[in-house]
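Multiple structures follow.
Below, chain A partners chain B and then partners chain C, in two separate complexes.
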Partner chain A sequence: MRKGKFWKTESALAFFFLLPACAFLLLFMFYPIAYVILMSFFRVNKLGDLVNFSGLANFRFMFDRPEFWQIIVRSCVWTASAVAVKTGIGLVIALLLNVDFRGRKIARGLVIIPWASSVPISAMIWQWTYNNDFGLLNHTLRTLRIFGEPPIWLAEPRSAFLANLWVDIWCGIPFMALVFLAGLQAIPQELYEAAEVDGATPFAKFRFVTLPLLSNVLTVATLLSILWTFNDFNVIYVLTGGGPGTSTDILITYIYKYAFQYLRFGPAAAMAVITFAILLTVSILYARSYFKGGTVY
Partner chain B sequence: MKRWIVGWSVLLAVVFVLSFGAFAQKKVSILWMEYDGLTPDYALNLEKAFEEAHPGVDLEIISTPWDLGHDRLISLVAGGRPPDLAVIGTRWLLELLDMGVVEPIEKWVSKELLDNIDPALMEGKIKGVLYGLPVAAGTRLMYYRSDIIDKAPETFEEMLEIAKKIHKPEEKFYAVGMSGKKYVELTEYAYYLFGNGGYFFEILPDGSYGKCTVNDEAGVGALAFMNDLVNKYKVTQPGVTAYRRDELQDLFIAGNLGIFLSGGFTAALLEQRGVTFKWDVAPMPHFEGKPQSTIIITDSIVLFKDSQAKEEAGKFLDFFYSDPWRLQFDKLVGFPPVTKSLANDPFFQKPVYQVMIQQIPNAKGWPLIPEWPECNDIIWDNIVATFLGEKDPKTAMDDAAREIDALRGM
Partner chain C sequence: MRNRNFYLVYPLIVFILLVLLFPFFVMVSTALKPLEEVYATPPHWIPRTIRWANFADIWGKYPMGAYFKNSFIVALGATLVNIAFCIPAAYAVARLRFRLKSFIMYLILVVQMFSPIIVVISLFKIVARLGLLNTLLSLILTNSVFTLTFSIWLLGGYFRNVPKEIEEAALIDGCTRFQAITRVLLPVAMPGVVTTIIYTFITAWNEFMFALTFIQSMDKRPLTLGLYNFIGRWTVQWQYLMAAALLALLPVVILFFFIERELVHGLAGGAVKG
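And now, the complex of A and B:
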């Protein structure tokens, strides 16, 4: 009788159906996270096995390295700049694609191409594009006489950083544009008509109708973009490998170097924990601001 | 009903027999490095031919670009799923031994195979135990455009004088190729360091490695000369820090470089791609008053302790080291043969092989220390800092030596 009741209770059944997903999460998400946190407090051998407790030694080792702090700052600059530009350009493209014009469907299809392509392949194409001798970019700049001698993009720290940044932005714009476009299409047309009756200028409509109603979408999209951009390994690894020197390394590429090139899993785990803490803080701040807003679309 | 039962029984029996056949096959996997010049067809044909000769073995060749090979292998090993065999740079062997994952290989291969390899090439023998068979070994040498340069320079000073004359950046023709972007190893610096009589570490009387010596006169002098080529005389391709060795090789093949320091694989590629200009090879230059020396690089095949198919892996090695397969391999990758039976093959009497062999007595290898990948990066980062004008050569090499000694607890 009790057994029958359990199966008939819808919520209990729902929990039962959730069990495989919970087991999956525990095994493939929480266990690795817990193990990495554990590794960060242990001396770890070259096979990734815990040897003995070392307290904060792995963290101290990283904190003592001047380039670690440079890399933390660079990771933040990288993320902030890339997300800001992706959001700006993404919003402009979304606004354009929201206007009814001939060929809009084709334009929407074209915009998605960078997002649909594999990131490593896109990065390899850009690597070729940036090549000084055979690359499309410098050839074009020389031909159009925009630059007498254009920069060798991947050779200098600053230009290499900007070159990496642009590829990350290029890959990320379509996602932002499409999410914003979906948000724009959810805004009731009546609000714009009412604003027009009130004599609102296009900018006023954007400022007082579009932006407020898009704010939740903006919050979610930028949060996701922050998480992805901070952890964007592919672009930098393929384009510059963190070079020249370590000038384009961000935390994620630096973690990779320590873990898989130097086999120092302890310091790598410490950096992974720091990354986790940074991103968790950002996520919590965003979640607070999101739920404070009240309206959820 | 009866027919139905018979039908199902036959079907099950067929499925059982087929699956038994599949399970009976032993799987051997090998992490295979993609040498320049080595075509994908070679690996496919080798796999097919071996499986035909050994029907009970399923061979899986996992091809990997050289510059990703180390990291991929380490990921597999650290993940507890190493391949049965792997082609490695012999300098990684100490690192793998430190991890305790490599199996002594001697007892798994035939005596004929072992006898057919020159003992001088057995760099994979550590403390008397053979862990790796040499798969490729060769010294690095100088390639130059013989249609532009009459006589190959013997010293780096002569090379500089020639470079000043032939450098024409406005025509996209650069006198000397210089690689400043990481690609597997910092061979570029080794050419100039060894040619200046230097080495990465002091060698202690017991043969072990002492303190880092890249900041001695030879080490700093080598870097200062490289930096002069790049920044003072500007006779290299511009933006050296953006070029990996393989990209530089493409530049030479495209006819944009006058002098390029590289390995035998470049000759193989130049021939495969049928370049129209004239080129030649010469021994690696050295600095005036210093003995000629270059780097010798050996790669090995190792067997992993966790392999469940050691016997079959051994059979594969015997097959791969047979003359027809080794001859094809050596021809494609451009290294001199490691097997005695191919030493006198007419193909290996060409100048490029003769120069590589002639340089062996004075050549030096990579240091065999487990921390080498990190030391390699430290030196390289400081070289790049010099090229970018962030450090002078002395400061750069002092910083590198200090950091390396600290890393090794010295």
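And now, the complex of A and C:
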């Protein structure tokens, strides 16, 4: 009886405490999501007003365009390659920073800076760095004779895509490095000592001690990175605006272009719903692996 | 053994740092160049003459003062709104038992990952209907919403790590629940509150897409959008843009160093807690 009452008051208090945040989220997050889903099934005029129900017309409109499928493929290539490179370089940096050397703290601090920096502003700096005539990147590449004649990065579809991809990778490396470093430091030293006693080579130690114990961190960080990379609007919008043409657009920038440049809100909403479904799936995977590391709440 | 590591680690680390920090080197170098050197071919890595006046010029040539003020208002406003909603919610998820709790925690974690692009289309309509287009308030609201879930997550984690007994002792000594939170829990969990505040402030300061969508007039632009519009003009004065970028980055980069560890742990969760 008393226990029941306590539970009741605690529940009421929790409700009271959560109400403001939930109301706020409901109004500015869940309602807009519901509205976008609604929009995707309607004909929408240039002001963004719903005109009439049109079923799957918006979806069909996008599916009939070859460009849309190109952009889906490009978004996948973009995400997969950027995440793979970030994971690889991040792991290498983490392994280096895990070695005890003088100046390690300073090196760790410097590695963080690209993450600490504002993404749109970083993209602006990179735009200048990529400049063919006056930018220092191509000047450096020419001087070091890495490229006889380096590409005019942002002018052609292929090199512009690579240029965008690199800036996204560059922004994402520090987080990966830091997460992996935290994961490495959580591995008990005794395991390495035990492996050494058993005569394990450095590679065997990495393969049979480090990697298995890092697998949980790897999963969480990779899923997180997939979400961020897939969502990266700032880099592409600032660097190339998806250009030349739509050759460097990914789904996220293409949605924005459709809505606010072409003012075709219906198809944009349809693409947003597709994106929402993709993100929801990956987010759920992320949440699952997050909780797997130990129940937090 | 250690020596072999040394010779392998140093060159690699130096190479990686050179690559990672290269654009910042470009930024500083360009920000200090006079116009003739900005457009010199071949470009100079290090300016031959240093022109500090670039940092003074930008305040007169561009509405930098307004950009800074707007970014500050948006970031501060978003932080205040966020923390006001976040503290009670974080307390509830950390301390109280209630139905559907694990579901709500799950939801918070999932929602945190949604891209603002998904909702910006309909949010634009909502902001317009509320009469908030071209106001800083629209940015304050959207930024605080999109930082709220992660803030609850972060701060809830801090609250949970404060031993429950301290509060219970305060309750027994005659404190009300409200006093137990404000006088006992919050002071102890202050590092967590500061982390949450810095996280929200930085995120709002760096935000670009909402500003691009909701703000039309020059005098309402925050820094990110203002700087982006440097590029929109037919000749970009890169030395000015780089000087402005340096000033815009400095405060948030410094603040970021206070919270990076907490961010890593908050985002990766149990996976990195040894």
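Observations
Everything that follows uses one rule, which is that the second predicted complex is superposed on the first by the 265 of 297 C-alpha atoms of A that agree within 3 Å, B and C clash if a C-alpha of one lies under 4 Å from a C-alpha of the other, contacts with A are read in each partner's own complex, and residues count from 1 in each chain.
Just so it is clear, a residue touches a chain if its C-beta (ideal position, glycine included) is under 8 Å from a C-beta of that chain, and two chains touch if they have at least 3 such contacts.
Just so it is clear, the structure is predicted and the values come from calculations on it, not from any experiment.
After superposition onto chain A, the partners chain B and chain C occupy overlapping space and clash.
In the superposition on chain A, A:L263 makes contact with chain B only, not with chain C. Legend: residue contacts after superposition of the two complexes on their common chain; A:Q185 is shown touching chain C, with no touch to chain B.
In the superposition on chain A, contact of A:F175 is made with chain C only, not with chain B. Residue contacts after overlaying the shared chain place A:L154 against chain B, while chain C stays out of touching range. In the superposition on chain A, no contact is made by A:I71 with either chain B or chain C. Ranking chain B and chain C by residues of chain A touched puts C first. Of the two partner chains, both chain B and chain C are touched by A:G48.
When the two structures are aligned on the shared chain, A:N216 is found in touch with chain C, with no touch to chain B.
In the superposed pair of complexes, A:N132 makes contact with chain B only, with no contact to chain C. Contact with chain B, but none with chain C, is seen for A:T246 once the two complexes are overlaid on the shared chain. In the overlay built on chain A, none of the stretches 73-81, 127-135, 181-189 or 235-243 of chain B clash with chain C except 73-81. Touched by chain B in one complex and by chain C in the other are residues 48, 133-134, 256, 260, 265 of chain A. Residue ranges on chain A touching chain B, taken from their complex, read 45-48, 131-134, 152-157, 160, 240-241, 243-246, 256-257, 260-265.
Every residue of chain B that touches chain A in the complex is listed here, in rising order: 70-71, 74-75, 77-78, 80, 95, 98-101, 172, 180-182, 237-242, 247, 251, 254, 256, 371, 373-374, 377, 381, 384-385, 387-388. Taken together, the chain C residues at the contact with chain A in this complex read 2, 5-6, 9-10, 12-13, 16-17, 20-27, 29-30, 38-43, 45, 84-86, 88-89, 91-94, 96-99, 101-102, 104-106, 109-115, 117-126, 128, 141-142, 144-146, 148-149, 152, 156-157, 160, 177, 205-206, 208-209, 212-213, 223-224, 227-228, 230-231, 236, 238, 241-242, 245, 248-249, 252-253, 256-257, 260, 264-265, 267-274. Against chain C, in their complex, chain A makes its touches with residues 7, 10-11, 13-18, 20-22, 24-25, 28-29, 31-33, 35-36, 39, 48, 89, 92-93, 96-97, 99-101, 107, 109-122, 124-129, 133-137, 139-140, 142, 170, 173-175, 178-179, 182-183, 185-187, 216-217, 219-221, 224, 227, 230-231, 233-234, 237-238, 252, 255-256, 259-260, 265, 268-269, 272, 275-276, 279-280, 282-284, 286-287, 289-297.
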